[in-house]
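Chain nomenclature is as follows: A, B, C and D, assigned in order of appearance, with residue numbering initiated at 1 for each chain independently.
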């Protein structure tokens, strides 16, 4: 069985690990995993996520605690602490256009060697990247991203660990559930098999390694 | 409103057009659009699809009628008539690995310039394609595919033309609904808005150009 | 009428019924409040929603349903929710009819800079690069000058968001269309002369014989 | 026991509880009937189903639910359905633990040919190239010879399915593991001598001191 206690699960994440964290300014982020990472005093983590949320919210808690050494995100505009740590040289911030980030994470999970996009061509984003011509048009080659762990927030998990998401809390979660070696799921509800019909499953249970207990 | 009669809708498809047709050996293919294409005597069509189904079934009807000049498919093993026309030189058959076909159609609909895959590397599929190295590993560059029309089969359409699919009848349908200039939908049921909850919509209604009338 | 109201009211006139529109964070968001009577568009929020509605009634906020700025919104009847890859597939794939974005600078060739000020403000590009590179039509909503200095320049001095030419810039002083020929003055705000607009613009404007007054 | 029964019973012993398995069309499909007692695996069907079950009871067939060969199947409790891009994302992305495929030829380096015979049989590769290139473990289930001629050769004479080395070949005569060192004879069918297997094999087999008898 994949059920695990929050504390035991987070203990499996070593200092220096890379984490994909679902969520969009905290919406669709597992707050209790963030809290427990801070409580266990993790250090030197790399986080791949849409953003670093706000101070005291979502990934912002990891920023506040100084748990991160590097983030790969599409924006940090909502978190002045991230900007402060970046300017102080305590945090490496790699900015990736949001749509490109989604495709790079997807490529990592879907076994693609990369994707070509117009986004970023001729801008600062192009630095260090290859241009590829297809049909007379120029694109940037963007490479896959994977991580050691994915912290996935779901609305529902059934006993087979099939997942369903809710509205804009979905965002990067199902993509990240494909792209990490160890997939940790925090579901708001754990439901009997069948409650999520086969056509509504967004993440098949075989992708899930650990499902956090709801109870104590 | 997007509702349209079958006959009027199919009349919009000119000879020589390119059509993406959802379905997997006929499962998830609009049989009545196939029938009407045959009845209207279309000629010289290009079909992009997983396969050509079987004689008398799905895309097989278009093969039987000699309506196609070219197919881009992953296999023709279930349709001896396709093989016959190919050998006779009446039909150009371009074979694409199934997963690569899915990604090429997706790239066409998602605005990507292409994707990199290991699939086909060092095989006959590589012919005429570029090899790209990423992180010391070699991949094939596969380019996007788009079409003039997509013939999409859905389980349900609501009044906003949001679509839901059923089990293995989904296959290429939602991908193709993104990748064609004109998207024609044949839904088994037309339902009130709300019957398909926002999280269950697989194809947003804005992508749909024509929804075939259920009635006469 | 203040500058912002003039701008958002004028931009709202550009929206056509039934189109898919993405409004950037900040001033562009307010365009939704000024849709002409009878015009109903679909608003996309890049965090994964199509059919975004206004702020929910007090007490009806759903933590899983926010806009791309993290503020609570509603989902209208017929809304669809999806992951970030699909959301940017809609943006990059030519399915998004219009994006309205704020701007720091626009240059002679219609290239927008709106995502960073080196050494000062590095919030990250979020979805802006994908939106500008991918939307069918890009409208920039911004004040004509900043502290008296022109923002429509010969060359952007700030890092570009995209090399793709924007289609329209709407300021409190003028409406300017960008074509292959360059920026063309299309409308002047009530009470202003063409000379005043030209003086506040560094880029070389094409001034037609007749320049109508903005009707806001 | 006929050749096919020996092969599929032996392949079935390779499947581990809780893994994700894709069985190719034809003989590999029959592996599902011989799972060892207590071993429960998840079967994927590449047309978009995870959790595929056996043939439905008479009269309970759903036209929207078939396997990759187009035959009616069931969805087990906890099944998930998805589109073709997701299906091959699972295959290419390292999420598929095992694929079992038929073979026409396998060469010294473990390269499989199973998708066409030039000038004779060109059914197309379907999903085979993705499966061989992407699955974590590739098992080939085939007869040891065809009309007396070896199928395990020094070099394939037929077009390759992938340059990726398969992991295991199971025939009615032997079990052969392919490693960097080459093909190693792991088991010999009851009643056969090692010399007989070597004589029926063109590739140069590594023969360890002890070669156990296949237990089927």
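Operating definition for what follows: contacts are C-beta pairs under 8 Å (C-beta built on N, C-alpha and C of every residue); 3 or more make two chains touch, one makes a residue touch a chain.
Bear in mind the structure is a predicted one, so any value in this text is a computation, not a measurement.
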* Using direct touches as single steps, what is the fewest number of steps from subunit C over to subunit D? -> 2
* Return the distance between the CA-based centres of subunit A and subunit B, expressed in whole Å. => 32
* Where the centres are mean C-alpha positions, what is the separation of subunit A from subunit C, in Å? -> 29
* To do: Take the average of all CA coordinates in subunit A, do the same for subunit D, and state the distance between these two points in whole angstrom.
  => 35
* Where subunit D touches two or more other chains at once, by residue number -> 49, 75, 81-82, 85, 88, 91-92, 134
* Asked: What parts of subunit A, by residue number, touch at least two of the other chains?
  -> 103, 106, 110-112, 117-118, 165-167, 170, 198-199
* **Those chain pairs that satisfy the touch definition** => A-B, A-C, A-D, B-C, B-D
* Quick one: in the complex, what on subunit A touches subunit B? -> 103, 107, 110-118, 130, 132, 134-135, 137, 139, 141, 143-144, 164-167, 170, 198-200
* Tell me, which parts of subunit A touch subunit C in their complex? -> 24-28, 50-51, 54, 73-78, 83, 86, 93, 95, 97-103, 106, 117-125, 155, 165-175, 202
* Interfacial residue positions of subunit D with respect to subunit A in the complex -> 20, 42, 49-51, 75, 77-82, 85, 88-95, 134
* To do: Under the touch definition given earlier, write down the residues of subunit A that touch subunit D in their complex.
  => 106, 108-112, 158-160, 162, 178-179, 193-194, 198-199, 201, 204-207
* Under the touch definition given earlier, write down the residues of subunit D that touch subunit B in their complex. => 45-49, 62-70, 75, 81-85, 87-88, 91-92, 116, 122-130, 133-134, 159-164
